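Here subunit A shows up in two complexes: once beside subunit B, once beside subunit C.
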Partner chain A sequence: MNFRDLSPKRKKKIHDHLVVGVCLAPSALVVMVFTYMAFIYCIYLSFNNWNMLSRIRWIGLQNYVTAFTSPEFYNSLKVTFQYVLVAVPSCVLIGLMIGMLLNWITFAKGFFRLMLFLPVITSMVVAAVIWKWLFDPNVGFINHILFSLGFQPSHWTRWTQDPNGGALAAVLVVGIWKRVGYNGVLFLAGLKSISVSYYEAATIDGANAWQKFRLITLPLLSPTTFIVTMLQFFSAFKVIESVMVMTKGGPAKSTEVLVLYLYNNAFSFLKMGYASAVSVVLFAVIMFFTLIQMRLEKRYVHYQ
Partner chain B sequence: MKQLKKFMLIVCIVCSMTGMLFAQGQKAEPEYVASTEPITIEFWYSIGGNPQKATKALVEKFNASQSRITVEAVYGGSYEDTTKKLLASVVAGDTPVVAHMAMAYTAQFVVDGYFESLNKYFARDKQVSEADFVKGLLELNRFKGELYGLPFNCSNPIMFYNKDLFRAAGLDPEKPPVTWDELYEYAKKIKALGPDIYGFNIERGSGWISQGYTWQFGGEWIAQDNSSVKWTDAPAVEALQFMQKMFNEGLAVYMGGNTMDFSGKVGMTIRSTATLTDTIQSVKYDLGVAAIPGKVKKQVPIGGGSLYVFQNASQAEKDAAWEFLKFMGSAESQMYWAATTGYQASSVGALNSAEMQALWAKDPRFKTTYDQISYAVVEDQTRLIPFNEVRSIFNEAWDATILKNGNAAETLKAAQDRANKILAQYK
Partner chain C sequence: MKTIGLSPRKKIPVYILFIYIVLVALVVLTNYPFLWMITTSLKSRSEVFVFPPKLLPEALVWSNYSEAWNMSAWPRYFTNTLITTIIPTIGQMLFGSLAAYAFTRKFKGSKFLFTLFLGTMMIPSQATLVPNYVILRNLGWINTFKGLTVPFISSSFAVFLLRQYFLTIPKDYEDAAVIDGCGPFHFLFRILIPLSKPALVTVALFSIMERWNDFIWALIMTTKDNMRTVQVGMAVFQSESGTEWTLMMAAATFISLPVIIFFLFVQDKFIEGVMTTGIKA
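What follows is the complex of A and B.
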């Protein structure tokens, strides 16, 4: 049977598929080359020793053994988890608050949305450079304000210089500040899509504000909450720019997140193979948590 | 994420290019005849600010000085950034012809054979000889007898101090401290001026200046054969303890960058002479410059960058590159470079020139770095392949001691063990 014998309907279908295929091909090719090929090559490199200048040499699992026996690797893992554990809940909760406020506010709506969204469209490097100055322990604006309000200097007020939490806090503040506006807008969209009739019915039944929030808003907002949490989770796990600009992972590795650790190994120490192995581990970690979240989605997310 | 993408991208390019990398073979050596064909070569250079302007001006001068060779200068950012870009270009098989790199980052390039040895060019060119360059600076670029780079920008750290604060504290602004113990006393007096005034800024993060502290306290940073670091030796520990004490007593800050140094709130600091012009232009106080203080001995590290020619360029390109290198290393260019930036001139001719004497007479601050030549020593250890990693471990130990108030001996011991483990892999 050849093409001519096909029914017109079937011919059209094949034709449509061809058009779609041709249109998708360029972008598919880009994704293939720059994402999947790179990814596969990265896995290959993780079993090799390579410094970008020398020959690639197969060493089997040695890079993985090195990683899992290296205190520096565990430190970067720990710092990453600390970052994720603070950044994700803060971003989601503050985002939710912003979303609700934007939904509730009746004056200067556009102004507030714009103000909250500005950090999102600002380049992270630019933002981090400015925040680094604001957080400067000696001449920074933040300490100037804190001290004039009567705060006493402590190790925290050394910010990017403090290895006992101050530096991580500074980096976290920037990360959260940068992300909440976006979440706020997503939550706003989610809130807008909840039908007013539910609230009207609840009012008639005598529900108070908290009950409305807990029993109507939260469940119906859960698809948005899920998406926002996932997005925050991915971006928090892959944080690097702010850390690189503000602290370079220091002081004393207190802010050296996993991506910065692998970047340093790749481009400063020229251990491309080892860095590849670390990035494969990072991939596995993110994959693991994503699967857990998918599970949770089935149980806790309600679609209208 | 961007960095990760960049990394992926490089990895990807590699896929298709690995074959090309190893395809270059050794060509037979033809008799050298100066070409007359016009040629364009690419040159990647580092360091922003006044040095960037000066390099650009020199390239323009070179292009105007003759009509055959055109040098296209591409600014690569800091030393680190330029090095990363060069690595990417090596992997992609598309390197520039000439690169301006920090000597500290070149070891792997030299060992893996990416740079052209300059020996034969010195041998065949009668206009220039190795004796035209300050010896220590030239030797920094020699590896197993072969000279791989032409010293372009050289420096050593000097002491910058705020004469206004000296006067306010009742110190003689013309008598800066000459020993670390004196510096401590000076810092105490300056600190007494106010809670937000500090006596000294312990330079943070560069590594080569703190390496010098170890020397001045009488120690060594690394064994001569590069087999192990010497950070648990008494002088290395004492140097760190000394700085920790100043920090804990509030006499000193421990800051990288130049914010504090330029703010006028710090009495003294140690920085590279390379930043002299930038500092003079940026500060509003009366800036004094002096030789680095000593303790057991006076010794400063030589740092800086050289010009390197890539081995995989065509012979015509390499010949053109040599002409360019000669121009950049000439007495005239080096004089211009030193006067505009504060860097140390690498050309003996520039050192002995009347212009140099005039510069020193006009502003004696430019002379300090040359006064230190007699005790300037090659940075430990530029030829060390895992240099960056070893130095970053050292810097972390300093951070952990000063900022976490750790025990200097213990943090240095832990750091030394880590560093020695890495060194053992390169034996």
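What follows is the complex of A and C.
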């Protein structure tokens, strides 16, 4: 049958489908190949042993068994959770503070917003290089300030060279520094959306500042707080660049976060199958926390 | 409320002053690393190793910049970064608009496909790093601009954002245009896209920032020096130059300066974009 012989209605339908197909094709291809196909391929690789030179060899669940019996894998999980447990609350709280401060003022608001946002647009590599220098244990600025404030040198002040917390603390400072401006701007947007009339009514009823914050701001801000916390959690969970530049996971693996562990296995040791298994675990952990957070959202988040 | 009088008409509450003091302190704290970077980049080598450190250099050593500039192939890195930034940005605007336009229409499976697009935001790029590397290696795209750009020429974020914006434009426009004999692509490019500038600007700015600052992908995609981007160049420079802090800070300065200057021009639009979408991180 020829296209010309079709009824006009049918022609239009085919034409519409063609338009949709042409429009979607490039994006669909990119999204499908580099996300879904990649992820399925990742699952497949995770059941294999492969160093990119040898032939792919099916080994079943061996990679997962190796991961869950490997102290290094547990170490990377532990380091990641330590990072997340500090980074998430501090970034959210400081962000909330910045958002509220910016929301209170009118004069030079744009200037302050801009200045607090600068770390966000700086690349993590540059940020990490600058902070590595600030944290230099011998001639760095941070130690200069700490010592002149009366702090005694300890293993902490070895910073990136200290396996007992100093290195992780240094990496955390960079992560927090780079992120709070972003959270602040999100909180500012959330605060702006709360109608002034609530506060006016509360003032008439004689509420004090703390009561207003507790009973109006916090509940009505909860959708924003939820989003910020979730984004912050995922971003902290996937941290790698600052660690790579500042400590390379050391000393003594004390800053080897999960994504860096994955990266090292894949690109330093060429254990592609094993690294794929770790990727799948990373995905599973993130999914698990997404589900938990969605549950929490239903319980604690109030929409206006 | 307690106030301090400036003039009888204009009184500033004390707490506002307090807020400004806190904000100024925060700004100083936040930007001190940048200041430190710039002043260190102008110090002499020996000054760096003096303890306690001084903020300002004794004499301005501008030669740090030329020395750092000549130590690596920075012009090449900048060119590479520019290419790997521009192509995906144009791609995301073009292909993002096309797909977004398709999703404003109802067709069989449109809901399912759209959900698939949104679902990609749940899969972190770190979890697909290994398979994507293998895929592109099998295609022979390592050390090529294809490998650095093609995976980013569209994104579900761009599609989502543009679709939401397109939906705010009344359907009557399209109906009227169709009656006047306007085809779908003509409508998209002549009417819909020009009406959606704010959303397109947001997509472009996010893409530019993300691509320019990208490190991990560029790192695994490139093994040859002449394909490196500035971020990879900076990381390598850092690991190779040990304690040459003055040179490292000079390099850090000339790398971040273009971004900061660009950002100063677009900051309103960019921050507004962050505030309205809140999705991108």
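Please note the rule applied: the second predicted complex is superposed on the first by the 281 of 304 C-alpha atoms of A that agree within 3 Å, B and C clash if a C-alpha of one lies under 4 Å from a C-alpha of the other, contacts with A are read in each partner's own complex, and residues count from 1 in each chain.
The rule is short, and it goes like this: a contact is a pair of C-beta atoms (placed from the backbone, for glycine too) under 8 Å apart; a residue touches a chain by one contact, two chains touch by 3 or more.
Bear in mind that the values here come from a model prediction, so they are computed numbers and not experimental data.
Superposition of the two structures on subunit A leads subunit B and subunit C into a clash. By the touch criterion defined above, A:L45 lies against subunit B and subunit C together after alignment on the C-alpha atoms of chain A.
In the superposition on chain A, the chain among subunit B and subunit C reaching more residues of subunit A is C. Once chain A of one complex is fitted onto chain A of the other, the partner contacts of A:L24 are limited to subunit C, with no touch recorded for subunit B.
Contacts of A:M115 after superposition on the shared chain: subunit C is touched, whereas subunit B is not.
Judged by the touch definition given at the top, the superposed model places A:L134 against subunit C, while subunit B stays out of reach. In the superposition on chain A, A:T69 makes contact with neither subunit B nor subunit C.
Once the two complexes are overlaid on the shared chain, A:S7 sits clear of subunit B and of subunit C alike. Once chain A of one complex is fitted onto chain A of the other, the partner contacts of A:V33 extend to both subunit B and subunit C.
Of the two partner chains, subunit C is the only one that A:S123 touches; subunit B does not reach it. Shared-chain residue A:I240: touches subunit B and subunit C both. When the two complexes are laid over each other on chain A, subunit A has residues 33-35, 37-39, 41-42, 45, 52, 133, 136, 138-139, 235, 238, 240-241, 244, 259, 263, 266-267, 272, 275-276, 279 in contact with both subunit B and subunit C. Those residues of subunit A that touch subunit B in the shared complex are 33-35, 37-39, 41-42, 45, 51-56, 133, 136, 138-139, 158, 161-164, 235, 238, 240-241, 244, 248, 250-253, 259, 263-264, 266-270, 272, 275-276, 279.
The touching residues of subunit A, when paired with subunit C in their complex, are 16-17, 19-20, 22-24, 26-28, 30-39, 41-42, 45, 52, 98, 101-102, 104-105, 110, 112-119, 121-127, 129-134, 136, 138-141, 144, 147-148, 177, 181-182, 185-186, 188-189, 224, 227, 231, 234-235, 238, 240-241, 244-245, 259, 262-263, 266-267, 272, 275-276, 279-280, 282-283, 286-287, 290. Interface residues of subunit C, counted against subunit A in their complex, comprise 16, 19-20, 22-23, 26-27, 30-31, 33-34, 36-37, 40, 48-53, 91, 95-96, 98-99, 101-103, 105, 107, 110, 113, 116-117, 120, 122-124, 126-135, 137, 150-156, 159, 184-185, 209, 212-213, 215-216, 220, 231, 234-235, 238, 245, 248-249, 252, 255-256, 259-260, 263-264, 267-268, 270-271, 274-276, 278-279, 281.
By the touch rule above, subunit B contacts subunit A in their complex via residues 1-5, 7-9, 11-12, 14-15, 18, 22, 80, 84, 87, 90-91, 108-109, 112, 114, 196, 205, 253-255, 259-260, 263, 265, 386, 388-389, 392, 395-396, 399-400, 403-404.
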